[in-house]
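Have a look at these structures, which come just after this line.
There are two complexes below, and they share chain A, which is joined by chain B in the first and by chain C in the second.
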Partner chain A sequence: MIKVFYGTESGNSEMAADDIVELIEDAGGAAEVIPMEDADVSELSGEKLIIVVTSTYGDGELPETTQPFYDALKSDRPDLSKVSFAAFGLGDSTYETYGNGIDTVSALLKELGASQTGETGRHDAAKTLPLTDVVSTWAQSTLPIFQD
Partner chain B sequence: MLFRPGRKARFQFSKTDLKKVDEMNAPISAATTTLLPWRDAEFRMNPFPWYDTLRKQAPVYKDPTEENTYIVSRYEDVVAFGRHPSLTMKAPSWVDKGAWGLFKDCIIVRDPPEHTALRRRSNKWFTPKMANQWAEASAEAVGKVIDELGPQGNVEAYRNLALIPAHHAMCKALGLPNDGYDTASAYMMDCMIALGSDVTPAEADRCQTAFDYLQDRVTQYLDMRRETPSEGMVSSWLDLVAKGEMTPTQLNDGVMLFWATGTPNAAYLITGGLEIFARKPEVFDLWRSEPSQRKAILDEVARLHTAEMSFDRFTTEPLDINGQIIPAGMHVRFMIASANRQPELFEDPHEFRLDRSADTPPHLSFGIGPHSCPGMVIAQAEAHAVFNLLTERLTRVELAGAPIYGHDDRSARYRRLPLRLVA
Partner chain C sequence: MIEPKIAIVGSGPSGCFAAQFLRKSLPDAEITIFETLPVPYGLARFGVAADHQGSKSVCAQFDRMFERDGVQFAGNVTVGDDISFSDLRSLFDIVIVASGLRNDRRLELQKDKDMNIVGAGEIVRALNGFPEIDLPKDTSGNLAPLGQKLAVVGNGNVAIDVIRMLTRPIRGFDGSDVDDARLLALRGNGIRSIDVLGRSPIEHAKFDTSMLREISHLPNVKMSCTGTEGSTDCKALDIFREHSGASEPDVEIRFHFKRVPSAFLKNGDTSILFTEAPDGAEHFEVDTLVTAIGFFDGLPSGHPRSGHSWVGPNVFRVGWAENGGQGTIAANRKSSKTVAQDIVDALTNGKLQIGAAGYHGARHRIQSDIISFDGWKRIDEAERANRAEGRLRNKITDTSEMIKIALGQVQSSLTKCA
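Presenting the complex of A and B:
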């Protein structure tokens, strides 16, 4: 079961996380959506692959529900050396801090030993591409289930 | 948005006055006369030629008709400075808020971090996922209209395919009865007119009357939900008040904001799309056949149909826009309708086009920064629900008469959009 953690300010990351789970399930895999504020970071060490999805809030800060996830990782510091993660960020390129949220979370996961699979996906709200389409393209080029 | 600055007398400039205006503008722009005839009927119907002149001659313009007011009209300046952290929603003491002063503690009068906490409280009810659920009520309302069409398929689309369906979605989110919005929306128009420039005393009085009515309705709905709670934001917020996690003022202001003010702008957006569908049947067909194009279609509809043509902020310190200094304590109007049609960024700016280059910047119709429209997500969901249903059940929509618009100098609106729905 691949856990897809999302952190959000206005709900767009939840939509992206839902899309990712649906894509994985359509490909025959198993996945579940978990809001970051509900995540138990002590259990992350036992995961093989996790997916993190978050937007950026304000001028580069973490969204409301990403912050407690980040804070818990920072304080508990679980050993993630056996964990791979894939990352997808939502942002607005008219801000200089575009994508800061996912980069901040990814950096901490790496600091705790996790290794990233593939490139960080990004949806830019300033462009007209639908979120669903961008998520789909990223997932199919990044997630191992689509590479088998 | 919001706040009616103190007005100056109606402008009939003598040559001496114009010289004074010119001198007043000298440090900030090269304008030699008023560039924005706010009450002029032609201006209100089609302000874009005036905006073109404004951007060229005085991109940062000290409005001679409004006290302490500056106008910023270029896209790049609106984006760069419209969300500047030194700007505030809190009006200085010289501002006459008029009836809009009833809002004491909500997202339209607070700055971060208080604003952030308030915004998060409502965001929970308007995520894209939840908005899609609420918008099912819009589709149901439109479906009923189609079911009950006469033999000619004639419908007044603004009220019946946009305003009331959108209100049904909002009421589903709030957990309130969805009737009675014809009256409320008519009063809401009076409220919006009072946000313009050069508001007359009669218009200010009508705004007060309108808010008296709207407040009375909100009070009644809050009493209703105290007696009989239901699923939805209002009952949830009443629980927060009971627990001491929200103040009664925040509750009242927030419900007023979403119930009363939330829908007319969404209805303008939806109706704008319907008019484009009628004038360009290929876009109607494209909506049906190419779901991946729907975001681009709605974005272009929104760019052309900017419901609130400007948003307002106040300076707390001198604001330097390309060397032009707006002093502290001033009112600034950021002209998003002007920015949305800036030809250097949007080729053929008045045309609906889906072939714009990939680096075309986003429209600003929902505002920018932390104070961007809190109803954006549900408005888009309502538009999708209405357009999806229409394209599923109809082959086309046609104009059944000339649209009637009712724009003032700040808000754009339809009064009628006669359509013929063809199954």
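Presenting the complex of A and C:
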């Protein structure tokens, strides 16, 4: 079961996470969506692959529901050396700090030993490309289940 | 399996988020969103500024909900006119009031008759192609220019939206869906100065600093501020310090902190705004006074459309209709989530009775042509097909034209010439 963690304020990241789960299930895999504020970070060490999705708020800060997940990782410091992760970020390129949120989370996961699979996916709310399409293109080129 | 029949009044973000959360917990519920306009999404379409498309991106979530998740859109239905609230309440198991607040709160101050006072929300609605606009018109029915000298009372994000949209160079609207004709009409021969009054000291000013920074980066403005003596260091103050501004600005924007208006009076052909602050009284010559001090429903109590009387054991409220016009889309999403959870809990505990007729019982009592989500998609398509260079869409502002397009009775008149 691949866990897809999302942090959001206005729900776009939740939709992206729902899409990712659906794409994995359509490809015959198993995945579940978990809101970051409900995540138990002590269980992360045992995962093979996780997916993180978050937007950016304020001046390049984490959205409200990503923050507790980030803080818990920072204080509990689980060993993630056997974990790989894929990352998808949402932002708006009219802000100078475009997409900082996902970079902040990815950097911490790496610091805790996790390794990233593929490139970080990005959706820019200021552009007209639909989120669903951007997520789907990213998932197909990044997630192992689509690679054989 | 709980299969309640749920009616939501209003298709703004709060109503749509409530539907979205309820759908996740109650896959078999019948959910209908009634909307007075033929088009959905409330202030996500008509409030959020046309040059801030990113903040409108939540609409993609709602599109999906209507298209895939079996939530029904019933547009062109005004609850209180086309169907009474008490009918709605008896025809559905649960009613959620998400009707927002239509009008700008009025500024109470001493004033002469026939002064030019307009609401900031009304200006943003106008620039977003809202059908009925309550702003001064010229003899041919077009919006009248606001004049060269404006004052804005209030300095929250809505005030900043108005200031930015009225000053930003037109090329800065690329990729927006601004109503260009109205924008040019309101600007007239050019706005030269805007005095912005706010009650609080700069460190507690209501705007988001990212909004202030955006104005400070406009190529054609010069920003300044007064009333900041003795204020503690803050991001907003840094923005003013770092701002050098255009050397020959089109518009001067002067923020006055800790300053409140006291009277707006005629003086011959000119209008004078009198103001007070700890460091003394000051007056400004002003062509139009823009108020940006919040919202109210604007209806007398007891009016059939006034939400105040919309109460009952199966009635819930969300969003601006509940909180008096507070908060962003994200904040209102949280309150919709809480209310949706309360409803699910009440259903699980048997505290809400179910068994009402629902939409099929309500439908024949509704006295208007109901516009479905497919009908809205036809309007949407026509608007996109008619976009001008550099614009995302050309919003239709005539509701009867919207209805005809939605019902497939005509092609958009604009489509035919395109």
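We take it that the second predicted complex is superposed on the first by the 148 of 148 C-alpha atoms of A that agree within 3 Å, B and C clash if a C-alpha of one lies under 4 Å from a C-alpha of the other, contacts with A are read in each partner's own complex, and residues count from 1 in each chain.
Convention: a residue touches a chain if its C-beta (ideal position, glycine included) is under 8 Å from a C-beta of that chain, and two chains touch if they have at least 3 such contacts.
None of the values given here were measured: they were computed from a predicted structure.
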Side-by-side fit of chain B and chain C on chain A, or clash: clash
Partner chain(s) touched by A:Glu9 [first = chain B, second = chain C, both, neither]: both
Which superposed partner A:Asp26 touches (first chain B, second chain C, both, neither): neither
Chain B versus chain C as contact partner of A:Thr94, first or second or both or neither: both
Contacts of A:Leu129 with chain B and chain C, given as first, second, both or neither: first
Overlap of chain C and chain B interfaces on chain A (superposed complexes): 9-12, 15, 58-59, 64, 94, 125-126, 128, 130
Sites on chain C touched by chain A in the complex: 17, 20, 52-55, 57-58, 60-61, 64, 175, 209-210, 214, 328-330, 333, 392
In the complex with chain C, residue positions of chain A that touch it: 9-12, 15, 58-59, 64, 92, 94-95, 124-126, 128, 130-132
Chain A to chain B touching residues, read off their complex: 8-12, 14-15, 18, 58-59, 64, 94, 125-130, 133
Residues of chain B that touch chain A when the two form their complex: 79, 85, 112, 116, 120, 123, 126-131, 292, 294-296, 299, 358, 361-362, 368, 370, 377
